[in-house]
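A, B and C are the chain letters, set down in written order, and residue numbers restart from 1 in every chain.
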């Protein structure tokens, strides 16, 4: 290898601008090839993918609806990942949040009041938090690997939801189909604008992002999280407790994932049923890293990923591309972005032969 | 073939609020949208709806143009449907019960667009529901299974405990008991509509427990292949699966939505579309049985008699008396369950030793 | 064939794809790289394997194509995470999205096409031994291959110098680099090996276990393989134990259902996941007194860039 990467002391200013541009150029070039092979106009395809979803107020609202759970979950995951806690099971915490919050809606159906919605949100966040604390406690007490525990608990949560909507929580007037009642208006998040689906959940997500950004940048806890991630030994010397921090970040990320779950239930889907989740918990992992584990970054990345998802639907409708092609395109796009990210963090250098160790 | 006059009257009648339906003026094809719950390649439910769509295009030619979105989860449903409406779709098929409530919501939001929900339970002025009486095929399967089984045990690879599957299990046994009241059934819930590996493992477990005829209520040919490998018998699901198990296949229940789709789209074009509740049996062509294989002439004759009886209504799989597991009589002799009772069935009949899950 | 033998046989076939994929990922993670894209590589293996086998009529070529597809996807991952030091978690997830999509494109023409599966090999006489005979000596080649992989990888990692170097790259890439080892090249080989194994596991699904193609047929098995690596504490023989334990629990819950156990099927289906957590917790609790800490390779998931 004649070229080597060298870590920049700080993110390159030019590269910050150049990297997304390069990603776009690469995407253009390869979509040119792919869409040409598929007999499509590449520019039209790009327009369908990236511009159509944001071309009017309704579309922008839909982007926010799709981005809200991603941003919320990713913001929590960013805290975890920053401090080297590998919570891979946000999907499970999302589902448990929906189950706990949705459970309140099912339980109070027919006799609830304005207090139902706050109770639902609290139940969802607490449920997600409790569920995330299972891997955290096992990690802290017994050093059980959190990747395995959090991942396995996703399947358990999925099966629990399945059982609930087919058994105890089944809609009594729903022809015994696996679904709960459609939530009453007091258990449904208010819409923000006419003619769209954007609801209070998006506002909550924005508030959370701002709060998380402030915590990370301005508080001791934020410093602790950053320090543990970058220099665990130094953090220990500074008197920070690994165990307490692990519990804290898992609790926060679980609560946010749970909150995302209940917001999705109370805002977008308005009932619980199998297929309730579209894998936001896993996608949010990509969002967290694309956003460089930074709350504001997660917001931007979440919106971007939401656009590519909706763009994929548009491509099926407008261009009649099969869904699998849209996934291939999305995967490629992510490859480019991740690759171009390298430019921001690293400098490419020609290696001078004979100097230093072999690479 | 498109007749501008009929189209215009039809479109005008349907879309009174839309001043000038664009496609009517330009004689454009009518646009039809289809929303699928699974991927087109599931080789089961969604694949067969896709074939139905192709068949509709074949029958109606340039008169229709179809747009399909696959693997749409309930949270994405509203957006996808809105996009289809914006893409000028006038008729939208939503092909899952999970879409039933959301379809009602969208139908109310877009009164000028006609919706059709597969396996739903009620209609609106612009929303029809449709399904096939697959249970009639299950009754035939039960009759054949009872003739073929030596261990007197039927194995049933089931997806989820929804009424559609539960009344299918009950009907298989009704058919089987009509031949041999000693017949028993074992059920495994795969907790998936398509997961070939688990379906195969479920089939193995059933065979290992002594079942020698397999029924399947999941999408993949895996259970049928297992039946062939172990030298027992099985039935195909959704499409004609004869080729997957030439020595074991008895018959398949083939989903055939194409002609229904074509007739509904034609009705839109003609302006005669109405929000009907269609639940088609063997005589409707909405599903059919693949040619019987691996059966003696006598067995084939018996099965064909049963098919004829079902078609004519002589055999009613839901005729009373029906007694549930708890020993309670659900319906008395001389009466018969109505469609809503069948659609919402959540109990097993007496004699089925399977606990009600969920 | 007794019921016990039959159950054992089924457990082995259910566990084998998990084991093959897990062994590959184990080597990858031992070298310090975490590839969350196992599911994507596995399903591409399944699709490519069945596609090539149908086109050429040769199962051998199908298997080779599956391995090739796994390696090709792994190469993309290596390009991103090794050459460009991109984030491994995000790259692995992107690889899964890409692989699932591409498998659908590759497999689309072959939905519903029938093909004979690869049969079992029966070793004469030995296979007639009661109970263990059929289990040990009447299996398909993949099962034997999976066992050979476990033994081979275990031998390689702990009995060869190359294995030692590979583990060093996972534990402390900086030191390994300082000692003059080409960390990135070694990690590249490991990642490609992992891809080959995932592809092979996919081929087992689409050519042996359920010989046909349908979209999404791996149904999350790649994720289970990842979990098994962790469960195994990155030890090959324990991965074998983990895969058979997990496969065994799946089969037992199906048998419990056929026997009409009055427990909701969702609870039975959740058992393999819950018991895996319980088992790992017990292992860790037992080890607590001995002072042995976390066994994950210390450099796992960290990008490495050699400085000059």
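One rule holds in what follows: contacts are C-beta pairs under 8 Å (C-beta built on N, C-alpha and C of every residue); 3 or more make two chains touch, one makes a residue touch a chain.
Please read these numbers as outputs of a predicted model, since none were measured by experiment.
By number of C-beta pairs in contact, B-C leads over the other of A-B and B-C.
At the far end from chain C, in terms of centres built from Cα atoms, lies B. Put simply, the C-alpha centre of chain A and that of chain C have 27 angstrom between them. The mean-CA centres of chain B and chain C are about 36 angstrom from one another, to the nearest whole unit. Touching two or more other chains at once are residues 104, 108, 215, 264, 266, 269 of chain C. For chain A, the set of residues touching two or more other chains reads 159, 162-163, 166-167, 322-324.
Chain contacts: chain B has residues 39-41, 161, 191, 357-358 touching two or more partner chains.
Those residues of chain A whose C-beta lies close enough to touch chain B in the complex are 58, 62, 65-66, 159, 162-163, 166-167, 170, 175-179, 182, 197, 264, 268-269, 271, 273-278, 310, 313-314, 316-318, 320, 322-324. Taken in their complex, chain C has these residues touching chain A: 36, 76, 79-80, 84-87, 89-91, 93-95, 97-105, 108, 177-178, 180, 182, 184, 215, 223, 226-227, 230-231, 264, 266-267, 269-270, 273-274, 276-277, 280-281, 284-285, 288, 293-294, 296, 301, 305-308. For chain B in complex with chain C, the residues that touch the partner chain are 38-44, 47, 155, 161, 186-189, 191-192, 194-202, 204-206, 208-209, 211, 219-222, 225, 239, 243-244, 353-355, 357-358.
Taken together, the chain C residues at the contact with chain B in this complex read 3, 6-7, 10, 14, 17, 104, 107-108, 111-112, 114, 117, 205, 209-217, 219, 221, 250-251, 254-255, 257-262, 264-266, 269. Within the complex formed with chain A, the chain B residues making contact are 37, 39-41, 67-76, 78-80, 82-84, 87, 97-98, 100-101, 121, 160-163, 191, 340, 343-346, 357-358.
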